[in-house]
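What follows is subunit A paired twice: with subunit B in the first complex and subunit C in the second.
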Partner chain A sequence: MSSATRQATNALVFLGPACLFLVALLVIPIGVDLVVAFTDMSQTLTVDDLTTEQFRKIATPSDEALLGFELRYSFYKALMLTAVYVTCTLTIFNVGFALVLALTTTALPDWLGGIYRAIWLLPRMSPSVVYALLWLWSVDPTERGLLNQVLGVFGIAPINMKLDAPMVLIVFANGFIGASIGMLILTSAIRSIPEHLFHAARADGAGSLSVVRHIVLPHLRWPLSYITVFQALALLVSFEYIFLIMGPARSTMTMAMLAYTKTLAPDIGSGQYAYGAAITLILIVVGVAVALILYRLANMKALLARPRIEVH
Partner chain B sequence: MKRTILTAATAALLATTAHVAPVAAEDVTVTLWSRADRSGPLRAGNIMDAAEQLNRMFEAAGADTRVTVELIETNAKGFDADALDLLKAHSVGETPDIAVAAHEWIGSFVEAEFAANLEEHIAANETMYADIIPSLWNAVKYKGERYGIPQDSEVRMFFVNNDILREMGKDEAFISNLQGRVEAGEFTMYDWCDLAAEAVDSGAAEYGWVHRPNVGPDFQMAMAAFGIDIYNDEEARLQITRSGLQDYYEWLDYCVDNGSLPADLTTWTWDSVHDAFRSGKAMGKFHGIWNVGAQMEAFDLSNADAYFDKLTWIHAPAGEEGGEPKNLSHPIVYVVGDTENKDIAAMLVAMASQHVPNTKHAVTTNHTPINYGQTAMPEFQDKGWALIAGTPMLDYAEFMPNHAKIGQYNAITFMGVQAVETGEMSPEDATAFVIEEMEIELGDDVIILD
Partner chain C sequence: MARVELRNLTKSWDAATAVADMSLSIADGEFTAILGPSGCGKSTTLFMLAGVYRPTAGDIFFDGARVNDVEARSRNVGIVFQSYALYPNMSVLQNILFPLRFQKVPDADRRAREMAELVQVGELLDRRPSQLSGGQQQRVALARALVKRPNLLLLDEPLSNLDATLRLSMRAEIRRITRELGVTTILVTHDQIEATTMADRVVCMANGRVEQVGTADDLYLRPDTRFVAGFIGSPPMNLIEATVHEGAIRAGAARIAVTGAEGTVTLGLRPEMLHPAERGLQARVAHVEPMGRERMTTAYTDFGTIRFIEPIAAPARDEGELMHLQFDAADTILFGPDGRRLPGARASLPEAAHA
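Showing the complex of A and B:
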């Protein structure tokens, strides 16, 4: 076999499946979304017109507005809720809490750290409907709810999180699951730090906090950047737990939820496929923008650059 | 020479066809789309039985045609989700010959060229349909013509727990006069909330009253009680009245403020809503007659007397004194697909809609009948007392319009319900917001009146 043929075969064998996967699950859906967003497709799935009507449902032209258009209230609200939801879940749980978990569980003896990590992996391992049901039981507004039972012990009146703090509820519910991935990645990163660095630091008289600050955190820069970018994008499009816990509530109607309720969600006026596609298209644009900004901020280019030493 | 061969071949072909045709049995497979639903297994079952009956008729007539029904049982969460699935199946060429559906989808089905026009079939088989309660035909009409056959009907109302009224100190005369006062327009929606708040304040009930937690047809009767006529028949367009909508939201706001309606009701599950009423915690509930079975079980009641001693039914009272009360009927219908089997499919539907099979469905699932004569049947007299009691309520019934966008319309007005009840918006803001959403999302499909 000639070298050229072998190279071509190798490319096909090694890159083929990934390329196929990429085209079938990413490129084609985005293409379909792009086309559908500019049609009038609804319940009957027929397309009569190519139109920008769906985008006029999202924004109306306005001379006073800075960009020449004004976002409609429900869309603006969805955008703001998405920003709050993604930022809070990401910073508090998926990155912040994941880091705390990784630092604390690696500081513990191995067996104990292992148990704690296993506990934090449980939400990830349980089926989503079961996990959502556990949350629903926990925050039940009556005195039957677990949270209210605990509050009752301290003489605090029952609270209703679904009504009074819906965003806190979905941030917690998503965060408890999201923290586990970051915890695993960061734990393995901490484990890969050469042991002698810790000994050297200790020999130089560094305390635990100094070790964390000067040795562990600098080593976690790349995994933290990766988790931030990856999880920000994942959160932007996630709606599973929001839907299971809150239903189509207005108080937690993020962009992804809005797209879902307008298209496929049962019994809430769905079937507006083109409108949903337009919302999704904007979500894709927002996602790309967020990814590029974070990529730049986290200097991911340096992470993905070729190593300076060539290894043969 | 060529011509001779061709003629011979044609002759041979004709001879074979002529010879074979009477011998080969013709099997017709009719596909039936039906959602797996505890509230009506016989909706599909009656069509299967009809096919067996028809096959016996063919056999008796010496005909070789045999009909097989292929059931496509879907597991959609509700009738709306099921209708969307059905439209998707139709769009890829998998059109069923018969579908069981919620009537308001007929508009969409006609627009999608799925539903067959049944006017000719009904006219040709007049005796099979002559006893159907005429008002039910309204539920299957789109632009004046019939595209379905009513399968069952029901009536939705406010249920009142009499024991809670008694505990509040109301006497028997108050309880027995309640429905009369509602029908006379003396007892209004505001009186309803006041009564429910009194139940909570007196400690007789934990909740005043509860409604469904999600989007659905029930709200339409409350809207109608505030004078909103949601459909313009002549123009076949949806309709909303700004002032009526605001009155409706102000009423909901009033109910939440006076403590009779839980502010977070729209975040409850169905189970909690059912439980609130069936466990005796709520004074009232806004739902449908098919609940009777579950209520009998929950309150441990054994007969009609015990039931009506425990519960009272009222229409949705008028919005203001002197107005007209309303309730809602939401029939399920058979729709015949515009397929090559549509004639035989329509015959199966006609057979399944006769008194005996329909009564079997109605009494086992607590749905009101489609034919007048059914109420006289012994089985109905025996097991269908609740349905007989509910049938006169149909005089006040409204139907959902058979408009393709009614699901969207309900979802938009429900956003206002959610916004007002949770305190996110004032009734005025919610009205302005809902009207804006309607203008943008429904466009020409909705007429906005002041």
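Showing the complex of A and C:
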């Protein structure tokens, strides 16, 4: 076999499956979505017309509006809820809490830290329906709910989180499960800091907080950037737990939820395939924009360009 | 600057004892080296002084005050690590400034720059550690350790990552700087040349215990134990184990007279104290190794393999050549069965012991 043929075969063998996967599960669906978004496809799955009607449903031209068009209320609300949901879950849990967990569990004795991390990984390991059910039981609005039992101990009346604080609920539910990925990445990053740096900092007079600030955090810059970009995108399109816990409630109808309920969710006004496709298309554009902005902000280029770990 | 005292210091991990019952006094401004093979407990001792490890038993005193329970950051100790442990995310200047952050000194910047000048890295202040050579990193590490004017400077194998030429100049450099500042310094090393050239006093350790404390000459010429005798000196001392019977040790036809010792002994003979002679201990040359200034010859005798050194100018010997070795009784050292030196014991080759 000539070396050129061999190279071509190698490329095919090694890259082929991944490319196939990418095309079948990413490129084709996006293509289909792009086409369907500009049709009038609905429950009958027939296409009569190529039209921009779906986008006109979302945004109607208006002279008074700031950008020259007015967003449909349900869409505008979904946009806002998505922003709140992604920002809060990301900063509070997937990055913030993950960092706190990583810092505290690495400061504990190994076995104890291991147990703590294992506990935080449990939700990851359980089926999502089971995890969602646990949340439903915890926030059950009656006195039987775990949360209400705890509140009862302090003499506080039962609350109904699904009604009163739906966004808080989905942020917590997603955050508790989402923090574990960041926790694992950050834990291993902290572990990889040479021990003598800690000894040096202590001898130099640094207290625990100074050690975190001057030694640990600078080392976590790259893992933190990675987690932020990656999890932001994951959250943007996630709807699994929202749907399982809240159902198609309007109070938590994020973009991903909206697209899902309009198209595939059973028995709740689904089947508006073209409309759902249009929303999804906008979600894809938003995702790309968020990715690019975060990529820029976090200077991910430098991360991907060459190893950033300085070994001495 | 501080006087340092260790009293019955012990550190164990579960079953393993790293340092056992170590006592030592170090005078203010003294440069002391702790010398020993890997795993002898020298680094553990250093980390206990730094406050990184807590002693299992015993006490550490700085200027008479017990510091066992004082945290590392409050001990005012400067450390230079084997790997330098510079903060990779900070510039050279920020690295040197780091210890001053926690001391609230008004002229921190000026002090850091002065210290950088002293260790000759004044030109490199804006660089990152990854942009420095090994020698430069070491200087920065030294500046960072010294900038807060520590009571005690601890050096953990500071030269082991440098190449041979640089090691030679840094040895002198570290000596100059510590002398200039008059700081009490403890150097931990496995390299006897490093220890003997830099330190006023050398503490030789083995298996968690202090074998001997003394000057370089003490350790070389008057080793207290068999371990020190074998560890110090390159090539090492010839050690012959034998039993003294009727005032002599015997092996085959060979006989060495011994005074002042009975029973099992170890006779120590430095390679350079042995010299060829017409008569004496019979030896057969095994192989010859030219070492530049001198030549080391390994020979078989009735007492086992013996090494000796001759000037390079002496005629080269052939393998298998038969010869005789002599030594002066005053140069011999004898150790008892417990490995301790027997003061006053001497060995000598009787006249005409061998034809």
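Definition applied: the second predicted complex is superposed on the first by the 304 of 312 C-alpha atoms of A that agree within 3 Å, B and C clash if a C-alpha of one lies under 4 Å from a C-alpha of the other, contacts with A are read in each partner's own complex, and residues count from 1 in each chain.
Everything below uses one rule, namely that contacts are C-beta pairs under 8 Å (C-beta built on N, C-alpha and C of every residue); 3 or more make two chains touch, one makes a residue touch a chain.
Please read these numbers as outputs of a predicted model, since none were measured by experiment.
Q: Between subunit B and subunit C, whom does A:N160 touch in the aligned arrangement: first, second, both, or neither?
A: In the superposed model, A:N160 contacts subunit B only, not subunit C.
Q: Please indicate which partner A:K57 is in contact with in the superposed arrangement: first for subunit B, second for subunit C, both, or neither.
A: first
Q: Identify the partner contact of A:R191: answer first if only subunit B is touched, second if only subunit C is, both if each is, neither if none is.
A: So A:R191 meets neither subunit B nor subunit C here.
Q: Quick one: classify A:D204 as touching subunit B (first), subunit C (second), both or neither.
A: The answer is second: A:D204 touches subunit C but not subunit B.
Q: Have a look at where A:G247 lands relative to subunit B and subunit C in the superposition and call it first, second, both or neither.
A: Once the two structures are laid over each other on A, A:G247 reaches subunit B alone.
Q: Does the superposition put A:Q272 against subunit B (first), subunit C (second), both, or neither?
A: first
Q: Among the partners subunit B and subunit C, which is in contact with a greater number of residues of subunit A?
A: B
Q: For subunit A, which residues count as touching subunit B in their complex?
A: Those in contact with subunit B are residues 43-46, 56-57, 72-74, 136, 141, 160, 162-163, 166, 246-251, 261, 266-272, 275.
Q: Subunit C touches which residues of subunit A in the complex?
A: Of all residues in subunit A, those touching subunit C are 194, 196-197, 199-207, 210, 214-215, 218-219, 310, 312.
Q: What part of subunit C is in contact with subunit A in the complex they form?
A: Residue positions touching the partner: 47, 50-52, 71-75, 77-79, 81-90, 98-99, 101-103, 128-130, 137, 144-145, 148.
Q: Taking the touch rule as given, give the residues of subunit B at its contact with subunit A in the complex, in rising order.
A: Residues of subunit B touching subunit A: 76-78, 80-81, 83-84, 87-88, 91, 108, 111-112, 213-216, 263-264, 266-267, 269, 404, 407-412, 414-415, 418-419, 422, 424, 433, 436-437, 440-441.
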